[in-house]
Amino acid sequence: MTRNLVLRFRSPDRPGIIATVAPLLTAHGCDIRAAEVYGDPDTGHFFSRMELTSPIGPDRLAALIAPAAADLSLDCDLKDLARKQKVLIAVSKFGHCLVDLIHKTEIGQLPIEIVGVVSNHETMRKLVEWHGLPYHHLPMADGKAAQEARFLSIIEESGAELTVLARYMQILSDEFSTSLEGRCINIHHSFLPSFKGAKPYHQAHARGVKIIGATAHFVTADLDEGPIIEQDVRRVSHSVTADEMVAIGREIEASVLSRAVRWHAEHRIFANASKTVVL
Amino acid sequence: MTRNLVLRFRSPDRPGIIATVAPLLTAHGCDIRAAEVYGDPDTGHFFSRMELTSPIGPDRLAALIAPAAADLSLDCDLKDLARKQKVLIAVSKFGHCLVDLIHKTEIGQLPIEIVGVVSNHETMRKLVEWHGLPYHHLPMADGKAAQEARFLSIIEESGAELTVLARYMQILSDEFSTSLEGRCINIHHSFLPSFKGAKPYHQAHARGVKIIGATAHFVTADLDEGPIIEQDVRRVSHSVTADEMVAIGREIEASVLSRAVRWHAEHRIFANASKTVVL
Amino acid sequence: MTRNLVLRFRSPDRPGIIATVAPLLTAHGCDIRAAEVYGDPDTGHFFSRMELTSPIGPDRLAALIAPAAADLSLDCDLKDLARKQKVLIAVSKFGHCLVDLIHKTEIGQLPIEIVGVVSNHETMRKLVEWHGLPYHHLPMADGKAAQEARFLSIIEESGAELTVLARYMQILSDEFSTSLEGRCINIHHSFLPSFKGAKPYHQAHARGVKIIGATAHFVTADLDEGPIIEQDVRRVSHSVTADEMVAIGREIEASVLSRAVRWHAEHRIFANASKTVVL
Amino acid sequence: MTRNLVLRFRSPDRPGIIATVAPLLTAHGCDIRAAEVYGDPDTGHFFSRMELTSPIGPDRLAALIAPAAADLSLDCDLKDLARKQKVLIAVSKFGHCLVDLIHKTEIGQLPIEIVGVVSNHETMRKLVEWHGLPYHHLPMADGKAAQEARFLSIIEESGAELTVLARYMQILSDEFSTSLEGRCINIHHSFLPSFKGAKPYHQAHARGVKIIGATAHFVTADLDEGPIIEQDVRRVSHSVTADEMVAIGREIEASVLSRAVRWHAEHRIFANASKTVVL
């Protein structure tokens, strides 16, 4: 049986990586269908994502190329494209990103399996359960440490490979953020220029911005400052009220977040120091 | 002879403004061809821009509506659309915005008359003089106070109604900025999120932004923080180098600045507290 | 009680319209909060949309200005902004636009009341009924004439002021289209250049377009050629498959359609010969 | 001396291409710095663009890999990135694209050498010669066949690797177009939907489009229908006149065309049946 695999690797930049890896794949009957290679001149890292057809499964192939990978200091990953990525979604009271993610998953547009929804509120339970998904209410009243401990247990028990903060309005502890590095995506508003503090859309409105946007990024201990995955924007005029800006912002947030989730599920994103490479 | 005029006014928000102004215009033989009225619920200001055909000139018409305008506390302005706005351009070493403004003026796309170019360098002299425009070299070596004094004299002597900082890389004194409030437009880069300090494109590149942009704004004493007139953006990917981002930024800067200049020359822009209304 | 009304009118272009209407409104205690007036130099029509505060209701105010409106040949309309527009949605098997419209209505982002959903399939029944909305299955097997007759009855009985074809994959008869002129909005894909015939995304993919988009327009007898209300686009690259283009297209379709519906519900759209004016 | 080269190839899709090429490059001391590989599932072609550092020049390296390339049926190309591509520009009376290309070349933003400008008019001579470039006036009065023969001679004599039709308003003969296949880029307006015939911006205006754009494409015998290289768009409203749409269109045309020229000069574009692959 032929499988469609993704081989990803990163390595310190050195000559001959492709020259070593490509013949090895061929020797094991694999065929490179698409590839993108990027050597970052700033960070000195080398990134590659290849789509392969393979006569053998990802684990066996990984074992076969492991010695060469070790020689080349490749940090290497093999994924089966037929396996949907398990995703846990966290949400508070606003459902626009959640609804969008569920709908796109149901119609086959997102190659993910939603393993559950976590929330610090009960607001979204009815909707989530109607779609046949488990809903975990984790109230903050239990104390932040206990709440985050339960959140982490759910991530672990559900087997979630990615946690998506889909307008989850809680500041995460540094420990929580750090433990999810590279497997937790957040969405937040963004503007030209940026605004700090509460009610950012209202601040942006007061300043008369003509462009509003949203940024999907990896969660790091430095909240809202993690490596950027995707951004998008929409024009607004002086007659758009702050509330309408919030509404427009919702649509951008949902769209940007779903693109970031799709790229993650397709194994396209590499963290690269303070930024990302999307291949 | 029928003229095409623009009547602009702002006023404290109160009932009956249009109901008073519109019949007055009709009584003097004017016809309202287009109008936009905007009452800002936040600042409590009322703004209006009307395009009129008029059998009489702007000065006479202004005199005829002056008493009513005083009664209504209208801050009122009448402009002849056939008269091109006089514009002085300031530039340093980078010519991309300057070239764009000159070309669009020459082909009739910008309703302005460029009355001269000011620069703290000689770099652009040859180009400017080839287009038959006066070039004023104001070196910083003369001292900032003296240099700005000469700059202001040139604005006055040339009759410039608008001064455009087309990548003029000097920080203006508060006095200079304040004296040009509402008649000086600057262009600068802008990003999601924003970056402070030198080499902003390089900072944005290090952070891996996916969107870069530019903002045209009125100059105020608080440089780069004046009321926003126009903004635009372009997408970039991880493989775009910092230098390429600078190049893409140039194109956005030229485009955004020329739109802001055109709107000013068409008398569309109103300052409104910390923002603008563009009608 | 003060109400927020919208006064819309169109008229043959002639002097003094605003000069007559504005004082009349003031005389009846109304205050113009925002206004946009546009005289189309090509079609010779004059359009205006005003937001008023009014001490009296729309019907009484309409009666009071009726004589003047008749004198000026104004085609005039008064709407209460507190009243939500009744909207009937038609859908076939694809739910992306429907889901988006329902969600935005539920969170208060669309000022509409969805009075029901019509479909030539059963696919969406479960979802629609879960949201507490009536679902009308109108199978084509009944014959096109009978089916359209039932569709028109439902529009009439539900009191729908707007019918939205949210990916309703049936060609309408000329009679049906004509009877809904100005109160039926359709969404369809659009590309640069455009493609005729079946599987348009696949045609566009074969031609290697870099931009795909969607157009919301009024339905006329000339399907897909009615007056354009809104359009938007997204970039694609050579590696986007035709199926992915369909998926991206879905998101653009939902976004564009919801904007067109919102503008209609806010009474912003005027048909103007073969185009629209959105004030 | 280390050189920066681009190795491009296309081939019928078959296993083992990268596995053969990459070790060969390494064996000759080259290092792959960036690579993009794309196998088109529709056309069955395989495309690759690699940036290499190489201790030897492109001709010698090409000779060294020629036997393997022949074995693999690779259609293979090696370019030195330090060598600027020679470009001939053709223009009629409108200079917006020409001015933009010259300016971006002069400031080092386009890696090209402009070897001359061809025009069927004298309009642009003064500007072109001021920039120190040869201007060739090829009036149509000489007859189309003779005029095109002279045009082809100039291409040949100047050594132009790319001919850019920068608003060159002449329909080319099939022979002329065919002889320049893959090395001649044209820019034209494009809309949603598209419009045939004269004055397209005026047609689009009559239809009330909300989006206007431009397309850069390779010239083929089927004018305006060649493989698309790049497209972009801008929003317009009902109040934008047809003339303003022309003006906005100019800015998009210049921007899109310059991107297509840059990608060609960086050896990024592959023709792929009726479309392009840009790596």
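A few points about this structure:
Lettered A, B, C and D in written order, each chain numbered from 1.
By our rule, a residue touches a chain if its C-beta (ideal position, glycine included) is under 8 Å from a C-beta of that chain, and two chains touch if they have at least 3 such contacts.
Small disclaimer: the values here were computed from a predicted structure and weren't measured.
Set side by side, the interfaces A-D and A-B show unequal numbers of C-beta pairs in contact, with more at A-B.
Centroid distances built from C-alpha atoms place B farthest away from chain A. Chain A and chain D, compared by their mean Cα positions, are separated by 36 Å. With centres taken as mean Cα positions, chain B sits 41 Å from chain A.
In chain B, 34, 38, 239 are the positions where the chain touches two or more neighbouring chains simultaneously. Contacts between chains leave no pair untouched here, as each chain touches all the others. By the touch criterion stated above, chain B contacts chain C in their complex at residues 15-20, 22-27, 31-39, 235. By the touch rule above, chain A contacts chain B in their complex via residues 38, 40-42, 190-194, 205-211, 213, 215, 227-233, 237-239, 241, 272, 274-278. Residues of chain D touching chain B in their complex: 34, 95-96, 99, 103-104, 107, 109, 130, 239, 247, 250-251, 255.
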